[in-house]
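Have a look at these structures, which come just after this line.
Below are two complexes that have subunit A in common, paired first with subunit B and then with subunit C.
Up next, the complex of A and B:
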């Protein structure tokens, strides 16, 4: 068992892609599978900042939303092809991350969380008010990926299976990127900053610059998740920027296991499946999800994957 | 012949916290490749002086020079980069990381700070250097242990290894034997003496006896002000110093 887990951890990107390739077969319907892909990536991006660097942002919905909206606006208002629009969404989210991060890293602890939350709310209202571009309360509608023929293959984004695998290709690339960053020298620096800022600075690392760089990377990953979500839903609801989604990123990370590579994805899967099942029984699904969340925080603070790893490591 | 350039000089350095004057116009110079100590009774301003020397905070007034170059106001991370490393009074390590990773990440600073794509597994020389440093402070057998699981004295030794990782010309140590057992203290003092053979070391210490035997120069502070400076013998026979220490009991 330990050997298998070690192999999975060593080839973590390959393992997660292999799983995601067969994942739609395990799910009741494709839309849920795609949602888990998108929010899994969102949680992975958030975890880079929260789990690995130790910074609790309460404003990450801003980056998901900016990614969604800018992709949507590029396609609907500017008529750009979806690939270019996607890139624009990611770059815009990264720029939003640079701005919000620049202001937020001057603070610590609860103040950092509050500053990110406040700035994200400003983003929410800015997009809400810019009705001409964003559709305001009604959301941005009319995002369509046109059907095309590539190398003789019919490519129809309206087909859920095609859509799943196209989105998976982007998610896989992003996961590979995150995995590389975590295994890089910089990945060691961010963990050092999480463990002890004072010592990291005394070692000669510029803590503020390191934090800002992670913040931007995290925002870009979350922006990609948002951009993919816009293509998936064909609309961008104004809720994409709501702080509820920022809170969900925290919950997904904690459920799955913060500071682990697989944890956020597992957390996202668990959260969305739970939501999906609970909503069929009651409109108060939040109460059920909330109860499960509390059980985890109280009894399994390391999350599903984190607790599993601890268990494996204890038994040689 | 010109005299040697001091490794570090402070000129009229003061540090105020609001109304409180922790350090008042202290001027001192430290010669290179020496083991020096800053001593004084409790509340003398030793830790404040240490924090100014090591870059934890800039002085309220006065200048700080390293090898003749003015470094007043240099940010904390700049100190390690120009060759000034420190160990803290309260142990500061990366608790959840292994002893080896603690030192490895400290070694890495000289090579790579913002590389996002190179796998660090390919930078084997950093790991080897970390192991050599762990060997030097006697921790190589515990390399896989999380730092939090190490005994107090071992964590302090780990900090020394991390400070050495920056290849400092000047090593600053704030009460390096605080909280240590007598046995651990002996080991640490031996290590410090050995380290001082290769570089400048400045200790902050309030146990006067401990430093008298091994240091070449002593600087005595009292109530945030310069009181005396000299060899251990000169300090021992200095009337001001006697008064301050005897007055304390």
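Up next, the complex of A and C:
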């Protein structure tokens, strides 16, 4: 068992992609599978900051939302092709991350959570008021990926299976990138900052710059998740920027296991499946998810995957 | 619309009344943080529960004063249970965990109110005895707004007297300075923490009752309020009671003045204020330097 887990952890990107390739076959319907894919990536981006760097942001919906909106605006108002629009969404989210991050990293610990939450509200109100571009309360509508033929393949975004695998290609690239960052010397520095900021500074690392860089990377990945979500839903609801969505990133990350590579995806899967199942029985699914989350905070703070790893490592 | 001095004065009073609610919220938040180093992410939810419970008691008894006294007790009791059974096991496990837990609790509280009172929320109106307006010489002002300001002044003064002039207040202040020494001196610090958490949430509940007639009462009303009270705490300096009051009033006035001159920017203005404070003075008006890094 331990050998298998070690092999999976060594080839983590390959393992997660192999799983995601067969994942749609396991799910009751494709829309849920795509949701898990998108929100899994959102949680991965968030985990980079929270799990690995130890910075608890409560404003990450801002980056998901900016990614969604800018992709949508580029396609609807400017008529750009979806690939370019996607890139624009990611770059805009990274820029938003630079601005918010620059202000937020001036604070530490608990203030960081409060300040990121408040700064994300600015983005929410700004997009809410800019009705001409964003559709305000009704959200942005009419994002359509035209059907095309690439290398003889019929490419139609209306077909959920095609849509899943196209989105998966982007998610796989992002996962490879995150894995690469974590394995690099920079990845070691961000974990050093999490463990002991002063010591990292004493070792000669520029803590503020490291934090800002992780913040921007994290924002860009969440922006990509947002951009993909806009293509998936073909609308951008104003809720994309809402505080509750920032909270969902936190919940998914903790449920799965913060600071682990697989955790965020497991958390996203658990959260969305729980939501999906709970809504069939009751409209008050938030209470169930909230209560489950509290149980995890109290008794399983390492999350599903983190607790599993702990068990395996204790019993060789 | 022409902007006259009396209109500005009216808007100023509206701002101070709004700021009074912010000040109360931030005082509760700061009290809990100063003592337990817990950021209560359910503070907005307790505010919302206060508004609902207040309207429920008002409907039951028809007496505003009755609900004004009873609601903080009920919300404080919820706070008591929260600290004892949910927050207490998390002490010593890092600063993020109580925050995460109270965040989860806020979801449960929102759904609880949806279940009890419906997702649409409740209609609220100004209590009969506080309707109408009074002439203050420079113009007419709504009675209820003036009452809000007075009520806040009374609560803050009472809290100040409690903390500065009573024996128990001394213990609370000593406990927030150094809990361990207090324990060595034979004080049951866990009980002090319990009391402080309950007082903080009771004040959040009270601000909910007070604010109910001035805004829409629905289960989600606590969410923007949470963000706004964080703005106040960051501007005023975390853990500082004078900071909470001054910043609360300032934020209220900034909001109402912006909504007079540039209505579209009203919601944004207070967050911009916070961003400026972060750039110029990251620890806030009354915060200790170094605490914010």
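Heads up, the rule we're going with is that the second predicted complex is superposed on the first by the 316 of 316 C-alpha atoms of A that agree within 3 Å, B and C clash if a C-alpha of one lies under 4 Å from a C-alpha of the other, contacts with A are read in each partner's own complex, and residues count from 1 in each chain.
Just so we're on the same page, a residue touches a chain if its C-beta (ideal position, glycine included) is under 8 Å from a C-beta of that chain, and two chains touch if they have at least 3 such contacts.
Owing to the predicted nature of the structure, the values given are computational and were not obtained by experimental measurement.
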Once the shared chain is lined up, is A:199 touching subunit B (first), subunit C (second), both, or neither of them? first
Figure out whether A:109 sits in contact with subunit B (first) or subunit C (second), or with both, or with neither. second
Partner chain in contact with A:3 - subunit B first, subunit C second, else both or neither: neither
By the touch definition at the top of the document, which applies to A:79: first (subunit B), second (subunit C), both, or neither? neither
In the superposed arrangement, which partner chain does A:118 touch: subunit B (first), subunit C (second), both, or neither? second
Greater residue coverage of subunit A in the superposed arrangement, subunit B or subunit C: C
Mind pulling up the subunit A residues that touch subunit B in the complex? 180-181, 183-189, 191-192, 195-196, 198-207, 209-210, 213, 217
Going by the contact rule at the top, pick out the subunit A residues touching subunit C in the complex. 56, 58, 103, 106-111, 113-115, 117-119, 121-122, 125-126, 129, 243-244, 247, 250-251, 254, 283-287, 289-291, 293-294, 297-298, 301
Partner subunit A, residues of subunit C touching it in the complex: 33, 37, 39, 41, 86, 89-90, 93, 95-97, 99-101, 103-108, 110-112, 114-115, 223-224, 226-227, 230-231, 233-234, 238, 264, 267-268, 271-272, 274-275, 278-279, 282, 292-293
Per the contact definition, I'd like the list of subunit B residues that touch subunit A in the complex. 54, 75-81, 85-86, 88, 92-97, 101, 104-106, 108-121, 123, 162-163, 165-166
